[in-house]
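One chain, chain A, appears in both complexes that follow, with chain B as partner in the first and chain C in the second.
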Partner chain A sequence: MTVTPKPAGGVGMDWTSMGIGILIMIAIIGGAYIMFGATSVFYALIGIIVGGALIGFGVHFVPVGGAPAAMGQAPGIATGVAMLAGGAGLAGLFGGAWAAAMVPSPGIWVVCMAGAVGGALMMAITCMFVNVIYVYAMGIPAASGKVKTDPITGDTQTEYKSQGTEGHGLPFVSFVGGVIGGFLGGLGGTLIYYMLLENVYTDKALSDALGASALANVTPIAVSLAGMFAIGLFLVNAVLAAYNITGTIEGPHDPKFARWPRAVVATAVASAVCGIVAIGIVAV
Partner chain B sequence: MTVKIEVIEGGIPHDQLMIAGLVGSLVCLYLTYLNTVTGSQYFVVFGGLAAVCALVWGSNTIKVLCSYGIGTGVPSAGMLALGSGVLAMLLATRFGLAAPIVAVVLAAVIGLILGFLANNVLMMKIPVMIRSITEMAVIGALSLMGFSAMASGSFDFAGMSSKSGPFLGIVQYGYADSYMGITIIAVVFFLAAIAIQHPFNATLGPSWKQDRMLWLAAECGFLSMAAVAVMSFAFLSFNAACVSLAISIILWAYTYSQYITLSKRDAAFWLDAKPIREPEGH
Partner chain C sequence: MVENIVLGIGLTAMAGALATVAGAAEDTESDIGSQGDPNSQVQLAPQMGYVHRIFNKAIAGEPPAYGLWVALGAGITGALLAMGVNVILALIIGAVLTTLVQGVYATTAYLGRIASLAKFGQPVYVDILKSMTTVTMAHAFIAIFTTVAMCYLMNAALGHPFPLALLGVVWGIALGAAGSATGNPFYGKERQYQNQKFGAGVPVAASGNIVRYAEAGERNSLDNGWFTSKLGGPASGVCFGLIVFLELWRTVVFEQTWVWAPIFVGLILVIVFAILDRYIETWARATYGPYVKEASS
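Our next item is the complex of A and B:
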């Protein structure tokens, strides 16, 4: 009954819809420029859009196996895209938030790199222990089903692939893809967080919005708001990218990887819409 | 490409559930405003009920969407719902008394755009995609607003961000130890996300029955509501929090027993496991 005819997707593009999406994004950017001018708030919106697109692009690198991987019938990490991207992104966000809270502020590059390394580290640890479990607990070797030789190491794959499966385990190229994906996801998520915290939820803007006196300490509210909006934006972008992949992907060598331009456009538009909402909380 | 893999047979039509969930949720949210009118805190429990109304509706929306086999797992839909809902809900809290209505409208706009992006730009081409994602953004916003109102006593941004209380005999307004200040909303976010994605994920399959899923959704909602009630001890008076906790536990116990009854009805065979008896004289 529950045969799974998944949406095939393909690598084609719907140019009309894409044009409408890009028009929405341009309208939002233009509206923000008219409202705020070339201020830090406007640059924050641009930063949010770039961060969202980075997340959408990064998700395509992550080797997602889903339920078939849990049964050793497909390569990748045995869970869904949303969970993996959420895990890597939130780990990155913690790293970035820790760096952003340092006094004196270490600057945007250090903060973003702390987030990126946090996400990459999370994915590296996940990928390593996934392989430990595959090899030593399930007793299956790592073999890709999509390519004959590993594009990085040149190891042949087909001899190790069991019949009737799409490959199994986590080949080296997928491991590298996972780390790159975590790096980009953590970078994007932290960029969104930092932009909101430093440029939008400043002490003055938030005190005005709350009707608080200038002396009140509103920093916890700013951190909380920026964090929640970053999590919300991250999950929206990760799930949109997941819908683009429709299920499982092996990593950068997978033919589905070629679909990334669609996801970058969609996540950029989604980030523009969500970003203007996040900015609106201190602007209305 | 867009083959519908599970048929929805019988049960309450989705439109009816949607209207009931939306109206019920909005009415319950406005009932929490009685706190401000009467000066008490006992009406916060309606915030939790508003969230449960939205979650029950949401479980059926997830069923409608995921019956097309979106390929990314049921939880991703719940994450998208809450991720887009939290944006709309937080901005809506700035609009004072109109907050619940603004949350619905704003979430619908965000959901519409996200649905368009998923369906057309990402070429999912699922007939119910746009409508389902729109509904889910609204559900996410309403359930978060309901639980937030329950924990903090208000659906207003200023109310959520400040905690007034006597400190050394002087009434002070603290931001650092408020609902927003210690980011209780992050916990509420995932409590609602679990409650929205679990029911269909747990009951899907050939023997899926709508009533069983809806009772499970209510059960998950009340379980999350009990957790929110525990957290509300930090922000509300002891008596008010006790009342919400008691009501959520009673309703959870009732819905749980209903769900077990329906599971027994739908199961092929039910065997109550007994503890292993120690053999005598070993």
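Our next item is the complex of A and C:
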């Protein structure tokens, strides 16, 4: 049986579209600099853009097999790209937001790493259970359809593919890809949350915007706003990256992984547009 | 501080137990309604000439659907709590009202999806609509109630800063993601393609030829729910329960000692799961062996 990777199609960059997107992003960054100067609000926008790009990049690592995986016809996790990345990234955001609420504040690194590890842990457990089901409930070993040997373990894959399928289960490289994807998703989502919470939805800004008399009253609103925008931005970026992948991907060894630069640019532009809206509701 | 940690561990265990029940109910509900990826085969079968009596309400993936339902349940519960309603009553009313929304969703989704197959001779079975919808609603109630209760524990007892509705979105989507990832292959391959060889994937050429007959009469989705509740459901429950329990446990127990401690514990847990995964993978290769003697190029 021949290992025939699906056509990688569309790896190339559409420079006209990319150029227009980058111009929009530069215009938004420039506009924000003119409006706010080199203040914490401006750096929040940069943080949101970086966080969005991290999510877009991270989604490409997540091994998603979609409907064919549910029939053991293709490797990967049997669900949608954006959905799985969303689940992992939001589980990470849960951990990051919890760390951010500590008194005294533990700082950006602890908060972001708490989010990243939360996402990675969710993916590690989920990926392991995918193999538990395939191996112990269905009697099917893991096999990749895109490579002859696992790039990490060196295990041969071709002879473990059952007839008429592209492979099944999660080879170890896909497991590692899933964990990295969860890590980057959790990191990006939490960075967006932290930037909005600490730099934009500050007590003073919200008090001015809402006219609240007691500063303490606005903290739950700040947390809710930052959480909602972080979840929203996460889903925007995960769905954009999923469109870039078009269907299924096995992980970092899949030829489709090479499409990530396009997604990183697109998610950065989308994050800039959404980010300036999130900032604008209180800072303008 | 010790008492706080002990109380925290107890709450963590309870949240993990609630999540386990939620995961099992969620997967069984989605399998009865064919809401996961296997819905593609339920939809494909009539187009290939295989008319069936399987329920199909897949107009949204499990994660967004459960994100909506759990957030709705959590939002209603939060509103009732703000009005001073008793916690247990608020949780029950929130879950009941959300289940009614799920019932409307299931009904319209089934009618819409199956009616679109009329040109292939697939009838809309009213008895299927009547009997399956209520069963999915019952399972959805369990999943929504337990997940919202878990979110309430996180918010009110463990002190997570997110409001109840936001926690509902986060854990609803995570519940759907964990349930669909773990449970879908078991329903899709092991149940719908029970006529195919055990221990191998479904050949692409067999797509659409799902099993349509039961021990007596035609198979329906209650038979599928009975089958998947024996393994796919509980496995999804353990998966989601572990996610929730370990996420809370590493924070509750280690946060007080050093701010970096939960992060390092999380990394160690990731490594432990990687080792377990690798063991499972090599065990399968050694035990089942290759499908063909040697790889041809």
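Heads up, the rule we're going with is that the second predicted complex is superposed on the first by the 271 of 284 C-alpha atoms of A that agree within 3 Å, B and C clash if a C-alpha of one lies under 4 Å from a C-alpha of the other, contacts with A are read in each partner's own complex, and residues count from 1 in each chain.
Please note the rule applied: a residue touches a chain if its C-beta (ideal position, glycine included) is under 8 Å from a C-beta of that chain, and two chains touch if they have at least 3 such contacts.
This one's a predicted model, so the numbers in the text were calculated from it and none came from an experiment.
Colleague: Do chain B and chain C fit side by side on chain A after the overlay, or clash?
Modeller: These partners clash in the superposed model.
Colleague: Counting only touches as set out at the top, which of chain B and chain C does A:Ala278 meet: first, second, both, neither?
Modeller: Touch status of A:Ala278: first partner only.
Colleague: Between chain B and chain C, whom does A:Met138 touch in the aligned arrangement: first, second, both, or neither?
Modeller: In the superposition, A:Met138 touches chain C alone.
Colleague: Report the partner of chain A that touches more of its residues: chain B or chain C.
Modeller: Greater contact footprint in residues on chain A: C.
Colleague: For A:Phe229 in the superposed arrangement: first (chain B), second (chain C), both or neither?
Modeller: first
Colleague: Does the superposition put A:Ala114 against chain B (first), chain C (second), both, or neither?
Modeller: After superposition on chain A, A:Ala114 lies in contact with chain C alone.
Colleague: After superposition on the shared chain, which partner residues are touched by A:Ala209: those of chain B (first), chain C (second), both, or neither?
Modeller: In the superposed model, A:Ala209 contacts chain B only, not chain C.
Colleague: May I ask you to decide whether A:Tyr243 touches chain B, chain C, both, or neither, giving the answer as first, second, both or neither?
Modeller: first
Colleague: Taking the superposition on A as described, I'd like to know which of chain B and chain C A:Ser17 touches: first, second, both or neither.
Modeller: Touch status of A:Ser17: first partner only.
Colleague: Given the touch rule stated above, what does A:Tyr194 touch, chain B (first), chain C (second), both, or neither?
Modeller: Neither partner.
Colleague: If we overlay the two complexes on their shared chain A, which of chain B and chain C does A:Gly80 touch? Say first, second, both or neither.
Modeller: both
Colleague: In the superposed model, identify the part of chain B that clashes with chain C, out of 115-123, 169-177, 187-195 or 241-249.
Modeller: Comparing the options 115-123, 169-177, 187-195 or 241-249, the clashing one for chain B against chain C is 187-195.
Colleague: Please report the chain A residues shared by its interface with chain B and its interface with chain C.
Modeller: In the superposed arrangement, which is not itself an observed complex, chain A uses residues 1-2, 66-67, 80, 83, 86, 220, 223-224, 227-228, 231 for both chain B and chain C.
Colleague: Across the complex, what residues on chain B touch chain A?
Modeller: Contacts found on chain B: 1-3, 5-6, 68-73, 75-77, 79-80, 82-88, 90-91, 94-95, 106, 110, 113-114, 116-118, 120-126, 157-158, 161-162, 173, 175-176, 178, 180-183, 185-186, 189, 204-206.
Colleague: Which part of chain C faces chain A closely enough to touch in the complex?
Modeller: Residues 36-41, 61-64, 159-163, 166-167, 169-171, 173-174, 176-178, 180-190, 192-193, 198-207, 231-232, 235-236, 238-239, 242-243, 246-247, 251, 255, 259-260, 262-263, 266-267, 269-270, 273-274, 276-278, 280-281, 283-285, 288, 290-297 of chain C touch chain A in their complex.
Colleague: Would you mind writing out the residues of chain A in touch with chain B in their complex?
Modeller: Result: residues 1-10, 12-14, 17-18, 20-21, 24, 66-67, 80-83, 86, 209-212, 216-218, 220-221, 223-225, 227-229, 231-236, 238-240, 242-247, 262-263, 265-266, 269-270, 273-274, 277-278, 280-281, 284 of chain A touch chain B.
Colleague: What does chain A use to touch chain C in their complex?
Modeller: Residues 1-2, 66-73, 77-80, 83-84, 86-88, 90-91, 93-95, 97-102, 106, 110, 113-114, 117-118, 120-122, 124-142, 148, 153, 155-156, 158-165, 167-172, 175-176, 179, 220, 223-224, 227-228, 231.
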